[in-house]
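Worksheet: the structure to be examined is printed underneath.
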């Protein structure tokens, strides 16, 4: 493997993606808070995207497909974060059961 | 064509920088005790990932990656942290016990080994003839024609998730 | 709906009015005075710290009667005088003003029977040390002014 | 040891925010200890006294007339009215008849001082709300007033111009013309201020309906001045307990029933207009004659309590003197408007957002030495 | 001419008849005026009955003196009449060994001012608070308390308002001797 | 693939960094002078002719000051925050087309890249506020996050309106499409959307909010939050934020010029493109300064109300309108 051509090697990207996946998995297991797990989950999403793009770049006949699927994953992750945020807020409110009405009443 | 035409040494160096940012950011995100630093790690990893995408001939995805991950995901997570996380992390807060962590490490290493091995030694097909160059226009066309199902599904998921988020978050409002 | 529309348009109009006003001010001459380069003339009644008036010989007319000391609300004046040979009245030998305590009320100037003290017009009284204002020696000040006049 | 940014202070997850003693919005050294829940003020505690100087004690240990310079330093922005109340109390006690010319000059200077004080408030209030330019415009006009008063009295803030029985000096040359010119110039400026700020949608959104302090609350806390007039009650010492030549003058007491920050704002803006009217009338009627009554060298007011109130720029300022017939006061009590006006802040601020609380605090028009004395 | 409404005056006369309070002889160690010539004068006049006063002469319309325990009743009466609190203060009379507490009230609409006084012994300065009737009295009472050492029983927040938290002494008492500030001496 | 290309790019980045630094310094001068004129005073006059060296003196002062990290602050994030603020701003300059020829990288996704870089801004300010362990900073951080979330939506809607007209994400492409006389500028493209000026105003408002400028400077509302997220920063830590703020203003104004005012195209003719671009750019900057010194600050919920109740409906309406118009015309 030529070090100068390292960015042209599909295996490099795949290994990086595998590393990212492993790290994300590790964090996912290790953390026990919702937000911490969410962050690790995002890392796993990142691994998936990187993998998709690597394969798309080097092996796919139609590169648009990979793009579309990465966008798909990004959409998913954004949706996931939105849901997770709302759950966090809901849990927090139920748990604390304070300052409920004030914070979102932006009516003035 | 390489969208980042450069001389021989600069390119791999920049590549290594981005790769390092990806892995370093991810490790930082996973290992740090403070959740806010964890978000910083995620942001760093996202920037690195954007660099990877750039090297994978997709500046569009690189920019979108930054836009969504830094501009939306990280911000949203920070929002959640500000609203709900405890302020002072106690010892071991947010983390499982040591044996559990060791187990997690073993699982992670095993997964890494397996997946990386598969990736490196896999029997990949030889690159076929390109039918398009993956430009933004092509992506747009693809999203509205051949791949429109994906677009519809994402749209649906986002809609549902927004409605769900609103529903869940609003429900809490009335519990006094 | 109509109200909202009205508010948006009216609000936007009010903003443009405000911007018009500031733009007009933008093209007008500044009203400030560039202090160390130019300075304003102090009005006749301006009250800065006390100084002696002087008679035609350049001597103070203060007779060390201590009326100003009594009139001072903050006890910031110390006057000493002596009766010189061959003169009817006492003349001042020491007139110290503690400017850190002086409130420039003017009680001393009002009671002075010989109009020996007046307010000066000195306004740029800045110093790096508060000690410099503890004692303002009016006798010395008069001497210096006389010297300057002589030159 | 590493600590994390927010220290949670209790199960409610509130935190204490120290607004001051050095904070741009407190206009001096006032400390407000806010217990915040996010951006909402849960509780406010005023910690005052940083510029306390014990004026009342000073009044007790010096001859009556030597307290005069102090009165201008209680509220340095409306020193004239404060001195007026003090000399008024002694005049009332001794039964001194002040010459009419002196009374008219007192009214003119007081009203000029009121305009200058309101101008400072107007600029500083806009500064609180984030607009800096109005402050400079206000100071432009205020400078003209200060120049007039400086030429008249020799000082720009702590005038010490009134004396028991009259004035320190008669009007200087050019004062009457200068004041007329100022009145003429200031009317269009007020109009400009209205167009620049009062009608501005951002400003209106900031102050309308914010900081509602109704008449009942004012009554319970003894809040006066624009506070009570902004709550719709036409209470003005100039009319309620007429002093000087105010009964002879034709002016209105502006009121606004909305009781919010905007109505206090409107009342003050309208008051400037009325002050201009008063000044014009006084200039027209200004009689000739002496400016000083015959006053004994050593003042010895008869035994008893005497109160004298004036309408200062921030509300009712009252001096209560207790005399035992000696040349030194037994007691000088200074009832300052800001004291009562600020004391209701703790109650009124509860549940507001931080920025609204500051918008309300600005509308109280605080001068900290006036509270601390 | 007094602008005090008659019914209020009558109410006050009937509720609070002239206070029977003897003015004790000055104690031997009382700190009076420095020059001895004035010490012989009666410093504190005997309490007058509730009376209408002329506003133009003294600045208030009704001068009422009540017993210390009646002060709450007086405040409630004035509150019901719609009076606003103007100020609360004290006057130190060391020769009579008494504090005179002065409560001023004003009326926004009727333009009347009422001055209610009471006298409490100097060695046991205690009086009920008015801050539950007039929240505005809270600060005035805190101020009076810190300057005179008068205890307002039932006050919700009896801490220093204007003086520093660690200040010792009651500055407005006639026998207060200020400590020179070593930092300010030149 | 020549060796000259990355060097050219590097030079451009260095140039951009210099430009950012000087620009920030002199925008401060312009701002102070402008504020002085608006308030009828002189502004800085002492250092150099008309105070022209004042920014240099200020920069020298800031650089020579000690960097203080408050005790209890999250040291790493506290130092990271200013660093995160600056490079994206410089990178953004590499994308901006100052003229046909003066452009660092002509990305075909330039517009997205600009917004991607500007999203760092939010997270940097947020981190600064959060990490300095100052309560004003925390409030400021919370404000800046929700403010930007609220304002990115109408901004994106407005930009989509423009994109539909231009049909490209490339900045040079968008500018080229507005070539010719000034009636070809998107601001006056009334044929494809009669509400284009309104769209421009919406964009301008969102831009003010994105760059935390008055009247939307919630994050550093000095009369409420002292200096908000920057309260604890001293010396060059603060200086970097300051520079980045002004760089962001320039970027925001540049986007406005590119999207609406025809970029480097001259309305009349003669001068080179850079001249026109900078002229328009600094006119916009002047308007930003002018707005700042005219209005008081909005209240926080007022800002959210404005965004959600007024700007978003209007921008959705203009988006639909221009979609229909483009289809019809």
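Note that the chains are named A, B, C, D, E and F in the order they appear, and that numbering of residues resets to 1 at the start of each chain.
Throughout what follows, a contact is a pair of C-beta atoms (placed from the backbone, for glycine too) under 8 Å apart; a residue touches a chain by one contact, two chains touch by 3 or more.
Just so you know, these numbers come straight off a predicted model, no measurement behind them.
Contact with both chain C and chain E is made by D. Interface comparison, C-F versus B-F: the pair with the greater number of contacting C-beta pairs is B-F. A straight line joining the Cα centres of chain B and chain E is 73 Å long.
Distance from the chain A centre to the chain B centre is 4 Å, each centre being the mean of its Cα atoms.
Centre-to-centre separation between chain C and chain D, using Cα means, comes to 25 Å. For chain B, residues that reach two or more other chains under the stated contact definition are 34, 60, 64, 72, 79.
In chain C, the positions touching at least two other chains are 12, 15, 18, 21-22, 25, 31.
Looking at chain F, residues 38-41, 74, 130-131, 138, 142, 293-295, 299, 301-302 sit in touch with two or more other chains. In the complex of the two chains, the chain D residues touching chain F come out as 2-6, 15-17, 23-25, 36, 38-39, 126-133, 136-137, 140, 196-197, 200, 202-203, 205-206, 353-356, 358-359.
Remark: chain E residues 33, 38, 41, 43, 45, 55-60, 63, 82-87, 89, 91-92, 102, 104, 106, 108-109, 111, 113, 115, 134-136, 138-140, 147, 160-164, 171-172, 176 touch chain D in the complex. Of all residues in chain F, those touching chain D in their complex are 35, 38-41, 72-74, 130-139, 142-143, 214-215, 217, 221-226, 293-302. Contacts from chain B toward chain A in the complex involve residues 8-9, 11-12, 15-16, 19, 22-23, 26-27, 29-30, 35, 38-39, 41-42, 45-46, 49, 52-53, 55-58, 60-61, 64-65, 68-69, 72-73, 76-77, 79-81, 83-85, 93-96, 100-101, 103-105, 107-109, 111-112, 115-116, 119-120, 122, 124-134, 138-139, 141-143, 147, 150-151, 153-154, 157-158, 160-162, 164-169, 171-176.
The part of chain F that touches chain C in the complex is made up of residues 34, 36-42, 45, 201, 290-291, 293-295, 309-310.
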